[in-house]
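Take a look at the structures listed below.
One chain, subunit A, appears in both complexes that follow, with subunit B as partner in the first and subunit C in the second.
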Partner chain A sequence: MHIHAYEKIWLATSVLLILFLLGSVTYGAVGPGVAMVSDTEPTIDAGALDEDERFSEPRVEQVGENEYAAYVVARQFGFQPDPIVLPANSTVTFYITSADVIHGFEVAGTNANTMVVPGEVSEITVRVEEPQEYGLICNEYCGAGHHVMEGKVNVVSQAAFEERTSGGDGE
Partner chain B sequence: MAQNETAHAPADDVGGDTEEFDPIGTLTLIGIYFVILVLSWVYIYYIEFLGRDLVVVG
Partner chain C sequence: MSEALEGDRTFADKYPEEARIVRAALLSSFLALVIGAILGIIQTLHRTDVARIIPSTDYYTVLTAHGVFLAISFTTFFLVGLFTWAVVRSLDRPLLNTKITWTWYGLMAVGMTMTGVSILAGFVDAVDMSADVLFTFYAPLQAHPMFYAGLAVFIVGSWIAGADYFRTWLAWKREHPDERIPLQTFMVLTTMAMWYIASSAVAASVLIFLLPWSLGLIDQVNPTLTRTLFWFFGHPVVYFWLMPAYLLWYTVLPKIAGGRLFSDPLARVVFVLFLLLSTPVGIHHQYLDPGIAEGFKFISMTNTLFLLLPSLLTAFTVVASVEYGARQRGGGGLLGWLTDLPWRDPAFTGMMLAGLMFAAGGFSGMVNAGMNINYMIHNTIWVPGHFHLTVGTAVALTFMAATYWIWPQISNKPIYSRTIGLVQVVVWFVGMALMSNAMHAQGIMGVPRRTAEPEYTGFDYPTMFGGFEELNIQIAIGGTLLFVSTVLFIGNLLLTMGNPKVSGLADPLPPALSGPDDSPKVLDNLRLWVGIALTLVVLAYALPLAAIVQRGGLLGPGVGTYPVWLAPLFDALADAAAPLVGAVADASASLAEVVR
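So, the complex of A and B:
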């Protein structure tokens, strides 16, 4: 069988391109540790969040050395807590659920982005670096007030975070 | 597909090993597309995606 020389070049570069794309994704998983939204959380009763140990009081709490858990409730049309205050240079796991319909949880301009489904808990773990204010938006159409559904994620210094938590914050 | 082509090869193979059909313009164009594709991917994945804050790690 005769294959034109140019076609051989093209076949070889196509295979290299595929390997490069697969290699990139593999590198992302192994190097920086990029992961997917976890689906390991058990389902919960979306109608009884006020009786749920984690979501009756949406909050950020310390769960380990420099590790924090943020329990977030999305509902028409906002997020709780608001703002979500996180300490800088830490690892934060968000547990997000919805009290009513499907919402989105997108920390604007970052990779923290997941759907929020009633009855399910979306779990994403992120590394938080420098103090900064991020916007938080709902990116799934959820009703008449969808376009005003927003919140804030404020990354503050460790000292400011501790001051805030020990200061008897209402949330 | 390859087997079919093999079966018809003697009749179809007019060029032989000497490349009379030489679409260098097409090759160049495809080469440019290829470079754009690779550069776009490098930008999208390594710079835009991995360079953003709050990379999801678990």
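So, the complex of A and C:
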């Protein structure tokens, strides 16, 4: 079969482009360490979240030096806790599950973004920098009130965060 | 062989019964286009807060209907019409039995009517029926059973259409034992083979899980499993939309440009690649799903990126064929030949603009496909911005543009106004450029897709490439232009249908510059390619599906049921079924009348 010389060049360039794209994603995974949401967490009974140690009281807690875990429940049509208050300059791992249908969890304008599927727990780890208020939105259609499902992620200074937790109000 | 005959006789002259079927399928497609466009303009103006004429809760009824009517009904009806024309034309033989053909057409029409009624009933509070589950119908949101049943009937209809093409080809093969499969028929057969593989998963999801669940026969389903089965179908379906556009770009566009296809063998290679690679990639829609291991996502991404290859090859071949046409018309120079193309022909200009936008859509698709880059844009309005370039322009604009060429061939009626046609395709291009560009930009700001009110009370979006509101205005203007373009298209077509029949419209298609005899015989070995395609699907999906079932069980790990319709099931069913059967019968009878 005859292939024109220009077409051979085009074909080779196309393959290079594909390899470049694969390489860039692989670099993102092993270099900056952008991990995908995965199947690391076991399944959970979406109908019995109030009996679950982590999700009966959605909250943020310290799990190490400058490391925090945030347990978040999405349900029609809101998030718990709301707002999610995080200390600045820390590493936060979100564990998010749904009490009813499929939702999305997106901190607007950032790459903190995941699907929230009932029966599963989404785990994503993010680096939190300076104090700032972010919008939290459900980005998967979840029913007639989907457009009112919003929350907040407030990144506050370490001092303000500690004052808040010692005040006894976990949310 | 048939050139001379075809020279003075149109498709409608040679195959009047088949031409009637093609017209019926195309008109069904355009009916869906009109409904979809009306819903589209309501949606654009609502989302951007320019005019909110419906309550926001009804927005999701509009959105579901817009998606199903345009992505399923408009595309598939056009496809079966075009494929019927392509098979009969390129084999130069009639269909085996047009009763079978009318049967699949009827099944598809009935199925789509059932699904459409179940969605549109969501507007009427008095009817306890709704299917506001959007195009993806993710469980545990649950639609009325008629929504799922209609989809199943529609898909079965499309399967019989495929069988119709395969049987007609086999009959031809017995009559022409030593000939290569004609190119257009080859394209149809590989596309339908891909469709059988792809749609089997969604059919299984609907028939085994979703329909029995909506009827109350099983209590719950596994949301990750039904979602994965949807995307098993949901990615190849985009190539199912695209393949008829490719068929037109490869076999009709070069002719309109004044030349002929550059290479028949490479066209076959491209369609074989789509058959092989379209399906084992669906998990790239689930990069951000919990419950699916990262490794499966990486495999899916690798397959996805290699799927760029046939499209990049197509870009080369189509441009080369068009350049050849321009040079045949006397064009010269490095780029000077561009001025020697028939830019006043709406069929040509429409398809070229569609191809240009497909290139832009291809680039935003590369971003979607990169799994960790996907975090930035997943479920933002970037994604609809992307697919309005691909299915919404590469496919839709090609279909409309091709109609200006094909309608005279199948009806013996000249187009009412080629000038209106030219304005129409340019307005579509401008409207989509505005709308899609602004959607991409908003997506990077984090503005979500699929919402009635993207403005939130508690926070403001970051500003980049212009603010949120400014981009909203671009979206609203773009969406309005798209609606105007659709109205121009339909108006022009209706006026064309009112034209008297004339003779002398025949416009035969020349064979490729480098013909089929130049290509390896193995390319025509469909059994081999289907076998490899199935193997790749098993490799890509067996382990993920097994892992999902092992994790959550076939029916899911404790998940409830959330019907979007609230009435007692069987009352609603009984009420709905009786008038519906009558309505469908009436509708199909009157449609048949119109077509005749």
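Going forward, the second predicted complex is superposed on the first by the 163 of 171 C-alpha atoms of A that agree within 3 Å, B and C clash if a C-alpha of one lies under 4 Å from a C-alpha of the other, contacts with A are read in each partner's own complex, and residues count from 1 in each chain.
Heads up, the rule we're going with is that a contact is a pair of C-beta atoms (placed from the backbone, for glycine too) under 8 Å apart; a residue touches a chain by one contact, two chains touch by 3 or more.
What you see is a predicted model, and the numbers here were worked out from it, not measured in a lab.
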Practice prompt. Considering only touches as defined above, state whether A:Gln62 meets subunit B (first), subunit C (second), both or neither.
Written response: neither
Discussion item. Quick check for you: in the superposed arrangement, does A:Asn154 touch first (subunit B), second (subunit C), both or neither?
Written reply: neither
Worksheet item: Who does A:Thr165 touch here: subunit B (first), subunit C (second), both, or neither?
Response: neither
Worksheet item: Taking the superposition as given, does A:Ile137 touch the first partner, subunit B, the second, subunit C, both, or neither?
Response: second
Practice prompt. In the overlay, work out which of subunit B or subunit C sits against more residues of subunit A.
Written response: C
Item to complete: Check the residue A:Glu106 against both partner chains and state whether it touches subunit B (first), subunit C (second), both, or neither.
Response: second
Practice prompt. Pick one for A:Arg127: touches subunit B only (first), subunit C only (second), both, or neither.
Written response: first
Worksheet item: Touch check for A:Leu17: first (subunit B), second (subunit C), both, or neither?
Response: both
Item to complete: Would you please give the residues of subunit A that touch subunit B in one complex and also touch subunit C in the other complex?
Response: 1-2, 4, 6, 10, 17, 21, 24-25, 28, 34-38, 107, 109-112, 123, 134
Worksheet item: subunit B touches which residues of subunit A in the complex?
Response: 1-2, 4-6, 9-10, 13, 17, 20-21, 24-25, 28, 32-38, 91, 93, 107, 109-112, 123-129, 132, 134
Worksheet, complete the sentence: Given the complex, residues on subunit A that touch subunit C span 1-4, 6-7, 10-11, 14-15, 17-18, 21-22, 24-25, 28-29, 34-39, 41-48, 76, 100-102, 104, 106-123, 133-135, 137-148, 150-152
Worksheet item: Given the complex with subunit A, which residues does subunit C contribute to the contact?
Response: 56-57, 59-60, 63, 132, 134, 138, 140-141, 222-224, 227, 262-263, 265-266, 286-294, 297, 301-302, 305-306, 308-309, 312-313, 316-317, 320, 366, 369-373, 375-376, 378-380, 445-454, 456-462, 514, 518-520, 547, 551-552, 556-560, 562, 564
Practice prompt. Going by the contact rule at the top, pick out the subunit B residues touching subunit A in the complex.
Written response: 2, 5-6, 9, 13, 15-17, 19, 21, 23, 26-27, 30, 34, 37-38, 41, 45-46, 49-50, 52-58
